[in-house]
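Presented sequentially are two complexes of subunit A, the first with subunit B as partner and the second with subunit C.
== the complex of A and B ==
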């Protein structure tokens, strides 16, 4: 396996946010079979080591492209912009305010008459934000406006966390009822 | 990861949690967030006509260190002048709470929040 290829090249996919998920999974399984360490067990030590290395690379590539946020961040990384570890970035005040309110509503879900409906409503709101920011990201990337693309990613990091918390709240509710 | 006793204390008994009317001209509001962890923090101060911080409130959605950092800052800034509060450094917060290196950014967030609240107050009262 040529590990100098980028993840899109590895799966023979056109680099971009919208990708063919079926093609990704199919190519992943093909390559997985090809490089499975068991198939190289009878070979020399060096071949075995290379097979393990290829499998690790392959798994990382698949995980990265499968998850929308990681895929978007990877697309920026290919253009030389790292976004994963930012902790000190100014974000629009109205966006933060909205994130704050959504989290407040999430905490108050338990006190509502119909917590399931309330969670559903929150999730829809978060999904809507998510869709909106991904399309912002996509448009910005197509226009080579990396600054706007980075802002969309930062916002998506908050939305992603919120969605995880909504899921966790759903699990807790399911256990209670 | 082990939290220090002080972090646990602030996390379990956060001081000054709450909200002030951001429309009040005596109130300054700072909203900050850390994309990497998705934490959001709101810190508010109520300032007297003499420029002294009379009260402070916060609300943080985030990890224990972020909650403790903002809780501590609201305790510290009460009674300070705006200039004194603006001089607060994240290193002081991190030291007081014995934050490990991976959690230093939580104290940075709290420093940014108090600075943002002061800026908001000053912009309102120019």
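== the complex of A and C ==
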């Protein structure tokens, strides 16, 4: 496997935020058929080791392109912009206020009459924000406005974390009921 | 002209080139071994025709461990030396074992080792050694039945097994002398056995409730590729828990009658039997051990006892669907695996949740071993054209301990394997030269709530200001789901790496010692087998000579008869002994000294034969000879 190829090249996809998900999974399975350790189990140790390395790379590439946030970050990385956890991008005050409010509602979910419905409402709100920011990101990238794209990513990281917390709260509620 | 041979596609040309590979289902309650023969995967039976090997081992002093049904029969009389459900203790710490073992009547060795040891008449044994004894028994069966040495085996594990439990299983296989082709998740094996790859596309849920473990897996099938989307479950929940709940209830009905280890075992046995009967009957009458009290239990009562356990499994199904990103109505098939899915409450609850009737076509006890055999056949290289490919995921998140006893996740659960991830850390004190790397597995945030897999130190970091060092910790999970961790200080290149050995797993030296023991046992086994062979040989010769004397004794003089009888007696006595070499020499000696008797008998029998024939029918050669004699 040529690991010098970028992930889009590996899957023979046009680089971009919107991608052909079906082609991605089809190509993924094709490459797995070729490189997976099980296809080399009866061969020598060296070939098995190479197979593990190749599929490790393949799995990383697949997950990066499959997950929207990781895909967006990877697109920026290809343009030389790293947006790890440590990005200290200043975010607009109203966005941060909104995040705080959402988080407060999440903490108080347990006291509501119908906590599941309340969680559902919160999740919808977060999903809406998510969609909005992805289209912001997509537009900024197309316009080569990398600064705006980075702001969108930073916001999406917040939203993503919120979605995880909503999910965890749901699991906890499930355990109680 | 010779006919050209054309092999069926996918089959190897020369049957002798086929490598013998098996699938092994090492279960909590029962174990099985299966193999692909003539293109069909089937479970292998023992000499008595039984396919299922109860996962029970009985240990006695100076005797080989007894595995299976014969061992299970001793559970009541000899509970401490009859080990069952050992899978529940695989990869567990001594502390876990004590907790899990509260209803297991075993005697744990009090020691400071992290690994639990059970006290038996054959010495203190770890769960890994006991599992190895079960595996050895299956290998013996497979080699006898397939007629050759095994190339390797695929051994199944619950999808929800953590790294420690997987490593323990692999260690057990190593001690049993098995080349592990792959550790395969049980639900995936079941999906393979159902031949669901034959269908073009679809999403499948596999609900696997065994004796001691519960798994739910969501798989996507596309032209032979099985992609595990998510897996979940509970590695300490199974049909055994139904038995315990029922046994507990029965104990209450007995009204404070106290039970010792032996009658507890008996009560458990009764509970299991009652559970099985309630599958077909609405009501069962139970006679309690000791007091003999009669108790009546209805299926409704039993369902009520198990309800919370079953509900727990349904919650796990919900979570797995969410993790897989799959909606309930996308599930095309539901496959049931494990003996405990025979319980009517389980079947109805699963059917209700998924809104479709689950598949129960293949014997739920055998389905996992059959799937493993199909995969083993492919991994051994016997089916190069096979489309089948299994893509699995990591069942539980892996992480590292950070400041304040928190866990930083490095690889999240349900990530496709093999996978590698690196995370960078830094020092928190000026001049810090060493760092403790503590590897954990689990979903919780606090170290205390996760499973500790390993601790190791990275030493020799050059003294720097706090936060200046960059330590990269790399996690690599292989296709068996086993973890390797390496740590490296980036500015200096100081490195440290370990194969993750669970904190309470077996150390390498322990494995080496056990391997040596099993080799010496193998030598004992060989000696035992050759002794039996020589004894059989001696018996055969002794009885053959006695029969000959009875028939043709008149061919011997009185002295010859007396001497021969003495020699026969000598060998007979020798055959009672334990030296195969001595018996072999004795057999040879007796054969030699009785040789003249054999010759005489031969001569007589030829004469007898000739007497019965007309000389005329002899061929011209003898006629010629008579011509010559005349001439």
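Methods note: the second predicted complex is superposed on the first by the 166 of 177 C-alpha atoms of A that agree within 3 Å, B and C clash if a C-alpha of one lies under 4 Å from a C-alpha of the other, contacts with A are read in each partner's own complex, and residues count from 1 in each chain.
Throughout what follows, a contact is a pair of C-beta atoms (placed from the backbone, for glycine too) under 8 Å apart; a residue touches a chain by one contact, two chains touch by 3 or more.
No experiment lies behind these values; they were computed from the predicted model shown.
Chemist: Given the touch rule stated above, what does A:144 touch, subunit B (first), subunit C (second), both, or neither?
Modeler: The answer is neither, since A:144 touches no partner chain.
Chemist: Would you check which partner chain A:161 touches, where first means subunit B only, second means subunit C only, and both and neither mean what they say?
Modeler: Touch partner of A:161: subunit B, not subunit C.
Chemist: Is A:113 touching anything from subunit B or subunit C once the two structures are fitted on A? First, second, both or neither.
Modeler: Touch status of A:113: no partner.
Chemist: Touching A:97, do we find subunit B (first), subunit C (second), both, or neither?
Modeler: The answer is first: A:97 touches subunit B but not subunit C.
Chemist: Please work out whether A:60 is in contact with subunit B alone, subunit C alone, both, or neither, and reply first, second, both or neither.
Modeler: Only subunit C; A:60 stays clear of subunit B.
Chemist: Thinking of the overlay built on chain A, is A:33 touched by subunit B (first), by subunit C (second), by both, or by neither?
Modeler: second
Chemist: Quick one: is A:42 in contact with subunit B, with subunit C, with both, or with neither? Answer first, second, both or neither.
Modeler: Once the two structures are laid over each other on A, A:42 reaches subunit C alone.
Chemist: Once chain A of both complexes is superposed, is A:171 in touch with subunit B (first), subunit C (second), both, or neither?
Modeler: Once the two structures are laid over each other on A, A:171 reaches subunit C alone.
Chemist: Which subunit C residues qualify as touching subunit A in the complex?
Modeler: It comes out as residues 19, 181-182, 222-223, 225, 227, 315, 318-319, 322, 375, 378-381, 389-391, 415-420, 476, 478-479.
Chemist: Help me check something: in the complex, which residues belonging to subunit B touch subunit A?
Modeler: The contact residues of subunit B facing subunit A are 31-38, 40, 42, 59, 61, 105, 108-109, 112.
Chemist: Can you list the subunit A residues touching subunit C in their complex?
Modeler: Against subunit C, the touching part of subunit A is residues 25, 29, 32-33, 36-39, 41-42, 52, 55-56, 59-60, 62-63, 167, 171, 174-175.
Chemist: Per the contact definition, I'd like the list of subunit A residues that touch subunit B in the complex.
Modeler: 83-89, 91, 93, 96-97, 99-100, 103-104, 153-154, 157-158, 160-162
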